[in-house]
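Two complexes, one shared chain (chain A), two partners (chain B, chain C).
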Partner chain A sequence: MTLADLFRFAIGSLGGHRLRTALSLLGMAIGVAAVVALTALGEGARRYVIDQFASIGTNLLIVVPGKTETTGIPGMVPGTANDITLQDAEAVARQIPEVDKVAPLVVGTEDVSYGARRRQVPVVGSTQEFEEVRKLSVVRGEFLPAADMERGRSVAVLGQKVAQEIFLGEEPVGKIVRIGGWRMRVIGVLAPRGVQLGMNVDDMVLVPVGTAMKMFDRRSLFRIFVQVRATADLEQAKGKVIRLFKERHDGEEDITVLTQDAVVSTFSQILGALTLAVGAIAAISLTVAGIGIMNVMLVAVSERTREIGLLRAVGVGRRQVLAVFLTEAALLSAAGGLLGLAVGWTAIEILVQVFPALPASPPPWAVGAALALSFGVGLLFGWLPARRAARLDPVLALASR
Partner chain B sequence: MRDLIRLAYNAVAGHKLRSGLSMLGIAIGIASVILLTSIGEGTRRYILEQFAQFGTNILSVVPGKAETVGIPGVLGGTTRKLTIDDALSLQRISGVNEVVANAYGSARVEANGRGRSVFVYGVTPNVPTAWNFRVRQGAFWPAGDPRRGAQVAVLGPSLKRELFGEENALGRFVRIGGSRFRVIGIMEAKGQFIGFDIDDAVYVPVASAMRLFNLTELNEVHVVYAHAGLADRVEREVHRVLKARHNDTEDFTVTTQKAMLDVFGNVMNMITLAVGAIAGISLLVGSIGILTMMWIAVGERTQEIGLIRAIGATRQQVQLLFLTEAAALATLGGAFGILGGVGIATLLRLAIPGLPIHTPLLFVALAVAMSTVTGLLSGVLPARRAAALDPIEALRTE
Partner chain C sequence: MIRLEKICRTYQLGGQPVHALVDIDEHVEPGEHIAIMGPSGSGKSTLLYTLGCLDRPDSGSYWLDGREVARLSDEELTQIRRHLIGFVFQSFHLVPRLTAAENVELPMVFAGLSRSERRERVEAALASVALSDRIDHRPDQLSGGERQRVALARAVVMQPRLILADEPTGNLDTTSGRQILDLLDRMNDEGVTLVVVTHDPTVAQRADRVIVLVDGHIVRRLPGRDVVATANLFAPPQSREAPG
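After this line comes the complex of A and B, so read on.
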């Protein structure tokens, strides 16, 4: 019996019971489609988050006040004993050669009004460097002026949405807006950027850092963004920043320096684990499908007892009978797997068409694992029926009806 | 009816392996649904309990408006500050029992040559009643004008152990962020709160904390009211009083514990539902397995069906026969699945004692109902096929 014979025999018997075969296929296909579609969703979410981070630059160090030994999330607790100050930010820019740009950050919330229209928005105090560090750009006018950090001029750059809402199509540049009790001249409007890391860039107002500190009566910074010249120098620069702060703060290490990489990889790991878990839960259905295939194969063996007896009588060996039934089971589950892959993939493609923002695509490992698993499950659960067929006594099998 | 069950039973029992495998498929599906939803429900309850230990009749006021920045309070406030005076004004609302003004941060606490970076809570001395905390040794500072803060501190038990070991700490001095504070009390151990060790902290007067952290406003004000029925009225009053004090602008956010827990509970329910649904896919696959086997059974028993029809059984009765068989298979499978799911859940809890797993009876009932319905649905097609057979043709087949 050749390999081709084996296949022909298997296909012939599968084709003989169309509905039965189709149902077994369907079970396996549902399982594989679920695994493929769900892992694709998880992978899409992971990529989406990574893209979000990448959009704000990869050479970035973020200095957050407070050393976190006991609390998990740095920067969530406002206020520490030792503040980080504008002088600290200036020192980082001056004294560390690897550093390209430094942007200090002060944040608060305030009403912005023009005429009768007002809107409460986050007010971000920073410097000219913020434009490059956060990859922002202006569509009209100009960005914050380069100036001595501590001198706060009364100028503001509006986010796209703020400009639209309070100016309603009027030209904002050159006009005077009120921010809280302060009068500020609008010098620019930001290009639309959308939500970045949970903060809507379009719905905020930028002012010089010195101005913001006076407005909100702050002496400390919310955080400092440090852009390093080359990605390769990132770790080195991080060490130097920590040492510099220790020196300036009486030998106490009271800051936390986050690198983009660390944050990204944490998120990536969490979402990766989640994807794996969801995929595994969906894969339970593959086992159930395997049980279904085993059941159908067992029926097939008992139905074809006489046929098997005949095969054995004309000189076919036990191993070959085993091979026949294993081939049948494997074909069945592999075909189901392929069908499921096609369905799952199509579903994801349609989803991506509807929500283009989500870069969902099944990760290669999941596709491979789902197919291998479906094939493996077929072989595994086909083993019992195949062995039962192979062990039949030819004489008794022929005599049965 | 008795006949029906007996016939179904015979058919199921006659093919032990076959029936067993069909049931196994359903059982795996039900077991995974039960297990995963139990973990979800357990987690939800666990977190709700964690919050409840602080008391549930509490609302919090933070500076800033939540609509503009996702998380209120994180970015800090506006030009009009949330002050201690604001907090004091809330005390006069009727129905309000306690008002706690909060200003917190993290700082290094040093004593005995040892140091540790911990959470520093600037609070008013009514914290033990407001938060359900107990003081083990000493006491909180006497209630007085909260705008003036003495250099005194109450240590959390973990922090006390870290700094002083078994020694007496009362009356000793600690340095917090460089200033000297005298220890006047030690808290009772309270344990973990969703991952945070709340015993590893120090409590100081709110004004001292604001000085320490250079804060110009409070981070949060907690308002504790007498009973749940007052929630809406107190919330309205808090809005009114603060708005009046802040030039008629709503530059603060009021969140009731209940509202927060409701949102949280909804999110958890969604997650539990989603995970349960994913596990439910295997139930679907299992039902396809039953459908296949029943279809085969109808084919095999064509003669038998013909015979039953010939001795007077109606089409409806034949249909019912096969439906009963499918439902019985699935329900039995479901029962085994519940046993398996609950069994694994119990084992897990024995292996990992802290793991929050909870299986409400409702879930069990739903699972049984779900498996029966699954069985009935997968039996419909084969049963119709059986009922549609022509008795004469059926009898003649081999």
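After this line comes the complex of A and C, so read on.
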């Protein structure tokens, strides 16, 4: 018997019991739809988080003074570790071709006041490059000026919240605020951004890096943000930055260069595991659907006992009977799987229409696994009924009512 | 065609052993027409299913077409049923969801015949039972006689050399029954060996020979033409006590 004939016969007998076929199909469809939809959601969450990190910039190196490893030889004179300086930052920008932009960072806390209102906020000193490196933007006025780094001009850019709290709706741009003992002219207000890398961008004040260094009486930088041109060059640039600092700091490797890769991949792994777990839970419903199919097939075998007896009498072999019932179970579950895939996919499409921010789409492995699993479950749970059909005694089967 | 030697078949019914067949010896020539008679429970259906390789005897030997059936595997018995034997049942055993043509086609589908060959044979078989106009009807759209004629077409479509009929007219009115018997006779005339199980003497009288079974024993053998005239058919001829 050809495969086409086998399929035709199986489809014919499934079509003979439409309601029952439809119900067990539905069970399988729900199972597969659950797997597809839930893994799509998990995958969406994972991508959402990665996108958030990417918005900060995945091609970012952060130079931190000091080496996090335990170093140093006992007996050496302590305190020779060099701070990182504005000159270091300029050297990175000038001497490393992979580097696109460099933003030095000085951080302190000061009182900001306008009229009678006063608010203690973090004051961040940086340069114009900081705007792009940290993907910031201003809603009013302009960002820090592109003057050379060391000249400390008395200008400030306010975070959204600071501007609101201090000015209470008054136009801040052009006004003079006091930051600590300094009088500063407000030149811009940042767009709301929320918390980024552990810092609330809305509740801080930006000033030129030279100003901040004078304000806090510092000669060294807190961080240097280095934006690399291409993500692919990240590791290479990292090596060059370390070598450059070693050169400039008398052969001592006294900095740490952080990349976001490690953080992103950890998050990605956690959410990936979560997706897998959710998918596995949904896959349990596939097993339930499989039991449904087994039930349907058992009923079919007992209802069609006479037919099986007849088939055996007209020269249909045991293995052919087995094949017929296994094919029916497999078709049932595969059709249910495809239906479920369509339903799950549609549900996700609708969800994405409603929440465009969530980049949810079922991962290919989950689609493949759900389909393979539904087919496998059909075969597995179809096996018992099919074997029962194949082992029926033809004489008793013919005589059954 | 058929040789039976000391065939015994016992099965359990409600914990009690039932001796369906006891020491059956029989010989059937190719082309013969045999009727098996007997009261219900006499073992005549068991004998028919044994001949049809659906039931295996517990002991004894059964040679079919020169081969000893007991030595054959299930797969080989399947092949024998497929190519050598055609079954006709009292309750027709048509698959309700399939049309007349599809029912007739069924054995050929599983035998792996090509679609064009199948179509030709279906048309010829249904024409031979005068059902060419019912080819796409389902069993529930056919009369009893028509259903049995479809079953008959299905039985011959693989061109078997042995047809086994179990009460083929049992569910039919006299006219339809006669049509079926005429068709069976015609197949027999064409050289097919025919074994019919029946309790109806008017059916049995068409046979060349009649075997009477009672309680698993062959109690009588007689020519078909004598059946109607024989009184007390199921009583052993030399019996001293009348059965209770």
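We take it that the second predicted complex is superposed on the first by the 232 of 401 C-alpha atoms of A that agree within 3 Å, B and C clash if a C-alpha of one lies under 4 Å from a C-alpha of the other, contacts with A are read in each partner's own complex, and residues count from 1 in each chain.
To be clear about the criterion, a contact is a pair of C-beta atoms (placed from the backbone, for glycine too) under 8 Å apart; a residue touches a chain by one contact, two chains touch by 3 or more.
Only a predicted model underlies this, so the values are computations on that prediction, with no experimental measurement involved.
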Quick check on the superposed pair: does A:356 touch chain B, chain C, both, or neither? Answer first, second, both or neither. neither
Examine A:169 and indicate which partner it touches, taking first as chain B and second as chain C; both and neither are also allowed. neither
With both complexes superposed on chain A, which partner does A:121 reach: first (chain B), second (chain C), both or neither? first
Which partner chains sit in contact with A:26 here, chain B, chain C, both or neither? Use first/second/both/neither. first
According to the stated criteria, A:251 is in contact with first (chain B), second (chain C), both, or neither; which is it? neither
In this superposition, which partner touches a larger number of chain A residues, chain B or chain C? B
Once the shared chain is lined up, is A:364 touching chain B (first), chain C (second), both, or neither of them? neither
Residue set of chain B touching chain A in the complex reads 17-18, 21-22, 24-25, 28-29, 32, 36, 64-65, 67-70, 73-79, 81, 103-108, 116-119, 176-178, 195-197, 200, 212-216, 219, 249, 251, 275, 278-279, 281-282, 284-286, 288-289, 291-293, 295-296
Once bound in the complex, which stretches of chain A touch chain C? 1-2, 5, 9, 12-13, 15-16, 306-307, 309-320, 394-395, 398
Residue numbers on chain C that touch chain A, as the complex places them: 49, 52, 54-55, 74-75, 78-83, 85, 87, 89, 93, 95-98, 102, 106-107, 109-112, 154, 158
Which positions of chain A touch chain B when the two form their complex? 19-20, 23-24, 26-27, 30-31, 34, 38, 66-72, 76-83, 107-111, 120-122, 180-181, 198-199, 203, 215-220, 222, 252, 254, 278, 281-282, 284-285, 287-289, 291-292, 294-296, 298-299
